[in-house]
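By letter and in written order, the chains are A, B and C; residue numbering begins at 1 in each of them.
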Amino acid sequence: MKRAGFSNPWLPVALLLPQLSIIAIFFYWPAGWAIHSSFFLQDPFGFGSSFVGLDNYTDLFGAVEYRKVAGFTVIFTLLVTFLSLAIALLLAVKADKVIRGARSYRTLLMWVYAIAPPVAGFLGIMFFQQGNGPITQFFGFFGWEFMLGVNYTDTATAMVIVSVWKQIPVNFIFFLSGLQSIPKSVQEAAVIDNNSGTSRFWDITFPLLAPTAFFLLIINITYALFDTFGVVDTLVKGEPGNNPLTLVYKVYVDGFRGNDLGGSSAQSVILMVLVLILTVFQFRLIERRIHYT
Amino acid sequence: MGGQLGETVNQIAQDFNASQDDYTLIPVYKGSYEETLTSGIAAFRAGEQPNIMQVYDAGAAMMIASGGAVLPVADLFAQNGEEINVEDYIPGVRYFYADSNAKMIGMPFNSSTPIMYFNKDALDAAEVEAPKTWEEFQNVTAPALKDAGYVPLSQSALPWIFTENFMSRHNLPFATNNNGYDGFDTKILINNDALKGHFKAVAQWYEDGHFGWYGTGWSDNARPFEEGKVAMWLGSSGSFGGLLQKVDFPFSATMLPYWEGVTKEPTQTFIGGAALFAMSGHSAEEDQATAAFFRYLTSPEVQYFWHKATGYVPITEAAYELAQKDGHYERFPAAEVGVQQLSLPGSDNTKGYRLGFYVQIRDVMNREFSRILTGETDVDSAFEAIETEANQLMARFAKTQG
Amino acid sequence: MAEISQTIATPAAPPRRRFRWGRVFDHAVLILGSAFMLMPVLLALTTMSFSDVQIERQGIIFGLSDQMGANFTKAMTEKSGFTEAITGTRMLMNSFILGIGFALGKIVISMMAAYAIVYFRLRFATFAFWIIFTTLLLPLEVRILPSYEVVQGMGLTNTYTGLIVPLIASATGTFFFRQFFRSVPEEMIEAARIDGAGPVKFFIDILVPLSRTMIAAIFIIMFVFGWNQYLWPTLITTEEGLFTLVRGIKQIIQVFEGATIPEYGKGLALAVIAMIPPVAIVVFFQNWFVKGLVESEK
């Protein structure tokens, strides 16, 4: 902290008050509520309730289905993160290279950022629907009888494709600006040292992009874990059935569809712990970056 | 209740408001059954509950268990010096929303039951009749329809049609404790040979192309029938009004088939759909208004109007008689099938069921049934999984009442 | 990079051919990528120009027909829903209220908080910092049920306040302004001090004007974020008059599932209307937007 700053004792408190009170009321209070009710099984109307200790947690960890949902969430997160990062990186490298049309490409590749996940999921339904969806027909051309909502893997495929589509723009924007901030002198030096474009990329450019990539990794993981809710909800058309579900979707299903307050709260707490770990991880990263720049 | 159903509900509300000067009824739509139940519960906890709430079959256990939230219809009427005589109602709707002493808690409203619709052109082309039994379907109807170029059969709700109503149709107990009416320490009884035999047959039909299955959603399975690809569809008797508007082929309906190998005397089915619950915590005056509306709603004329417009069954004998007298069933024989099926002989097994966290249990069933059909699991392991998870869920629910 | 390598490599041997092919390949990848991003929405647009019956039969359709205007008008003006209280226009307005309300609320509150954190000696600075920044990554979705309980307990369901304020309860904006304020040269505040400017004057006369570009950038990001909210509006607004366009998507899908003939054209038109404002803002102000996004998340 370098700032000399002002030393008025009450003004900063007044300035912080709105932010702190909103966070207290709509963040810490609900978080506390979740922890509290994760130890109970409650009648949703509020008449009966029993303290069950850690039962809600042990029930979850003991349930094959919860582990399956967790397993899918991990695979889904890895796939979405990897694919959207890889495709965005490829596009950013190419967009950084070309001169003609560079701006148009940038616009065309980033605008999907503004589309809401459920709208993307809605388009997904149109494109993947059984029978006459264009992508369904395209897959059928190769003998893949694609059945959205029937076949687990097919539904998962649609979820991954739609989620990746939606996430490419953010990654693209970050990679492109990362590439553009690499000093030209570094690139020129690299050209003299090394003839092959490919190895030049992996040896010189990629390490310089690594901080951006690390940072994006966290962003993409949180995206795949939470922001894909709208994609999942629309693609399964609100019916869990035998469809692949993510952890956050399960929180919603048990809490709002099944009115199992205790079970849903316990799941919330598990996710909060997970996110807290990610936050600490990200902070170390950010603080280091700030230190250097 | 969107679309045409919504319009009909609005019509009834308007008519009620016009029929008297004391009360005004405002219908509000809160989304799907699940969304309605959740927002109703939230409203109750905030002390802002509506006077009347529509709750679907799977949510009935939660409503009735939480004694304090609901003003039983029987009490509501008693407060206003009237009595409910269950005999006035058609047999199938009498006990589903009642407690174990047959006291009516919820007022049955949009009551439906699963029936089998069929495309007459398709059956003519295959030169078959609609099957009465599953044996007939398996040996005669399905092969003929397949040869005629149709997918013989689809259905829109596996837990509802092929599980709950399978049990009532074959006079089998669905759960211990008198189908869950008598207590919370209930165990589900679906892991039995009759039901497993049914699903083994269904899986075989699916493999042979005698049965189409297009996902868990209701309309995913209804659409192929409406498009004329599927010849017969198991849906709700309440689908009748919608089908009349949508399809351009002649269709009719018949009762839900049964296995002759399981029973020679098939019984009535459960009602599905939803009931209206009077919520507690309102002034006596408001409760009076609620009672007035229920009275209006159950009058033969209104029931008949509702029945005609939507296909949901008329819930009282008087309304049924009115429909018969008016010649409604001569014009639309299919419209009578649901009522007939609900008026078949019944037993303790066919009154209804009351299982906690039943919404989740249905989701478990949907999941396991899907896995059977996609070949991810076999029938025996699927039913074991359903039994285990359902019993766990009910045990958890019992604790919420502690 | 292609340009540079070309100019340097040319004197040795002129393998012009190879480089041209390389560039063609670059463009091919970019065109393919752009098409991948563009096609779904483009096809939704063309399909929107057909009648419901045709869409029902064929699904997504390549080509154009004459129903575009009709579907669009229907989506914007036709009253729909159970209570017949909601039109596309009304949903559009609600989306704007949510998007703008959220963005403005967030900017005002987080600028104030960041100002306090960066420019004041605070006894509990570290504590306040952690209180605020723990919220950074934890989205509303994770604590959705308890948040709902709290908001309905306060009687805020079906209000704009209940819709907007809980969404503001995260530190992304504060974090962004904190970073920005720290990059403001120290001399600024020294100069202000010498001029005798107090903290309020310094904030309003110097810091806010200095942050103009950043405010615009974060406004765009937050507007899009607010506009695109789905789960929270779905739970908190059950009265149709308060539906936003994205919230309405659930209704659109239920139209697809409905008992009468599905209004595909109208559904697609609503989806397209839901995309236009955020996409337009992002495209037209893309320089600000990109700068804001990249800076804010650093």
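Observations
The definition used in the following text is that a residue touches a chain if its C-beta (ideal position, glycine included) is under 8 Å from a C-beta of that chain, and two chains touch if they have at least 3 such contacts.
The structure presented is a predicted model; accordingly, all values stated were derived computationally and were not measured.
A centroid comparison over C-alpha atoms places B as the chain most distant from chain A. Each of A-B and A-C has its own count of C-beta contacts, and the greater count is at A-C. Chain centres here are Cα averages; for chain B and chain C they lie 42 Å apart. Mean C-alpha positions place chain A and chain B at a centre distance of 39 Å. Chain A and chain C have centres, each the mean of its CA atoms, that are 15 Å apart. Touching of two or more other chains is recorded for residues 32, 35, 45, 217 of chain B.
Residue positions of chain C with contacts to 2 or more other chains are 148-149, 250, 256-257. In chain A, the residues that touch at least two other chains are 237-238, 256. Of all residues in chain C, those touching chain B in their complex are 81-83, 148-149, 152-153, 155, 157, 238-240, 250, 254-261. For chain B in complex with chain C, the residues that touch the partner chain are 1-6, 9-10, 27-32, 35, 39, 42-43, 45-46, 48, 217-219, 239, 241-242, 245-246.
Of all residues in chain A, those touching chain C in their complex are 1-8, 11-13, 15-16, 18-20, 22-23, 25-31, 33-34, 37, 87, 90-91, 94-99, 101, 105-119, 122-123, 125-127, 129, 131-134, 165, 168-170, 173-174, 177, 184, 187-188, 191-192, 197, 215, 218-219, 222, 226-227, 229-230, 233-234, 237-238, 248, 251-252, 255-256, 261, 264-265, 268, 271-272, 275-276, 278-279, 282-283, 286, 289-290, 293. Contacts from chain B toward chain A in the complex involve residues 32, 34-35, 37-38, 41, 44-45, 62, 65-69, 213-217, 220, 357, 359-360, 363, 366-368, 370-371, 373-374, 376, 385, 389, 392, 396, 399-402. Chain A contributes residues 41-50, 52, 59, 63-65, 130, 147-152, 237-243, 253-254, 256-260, 262-263 to its touches with chain B in the complex.
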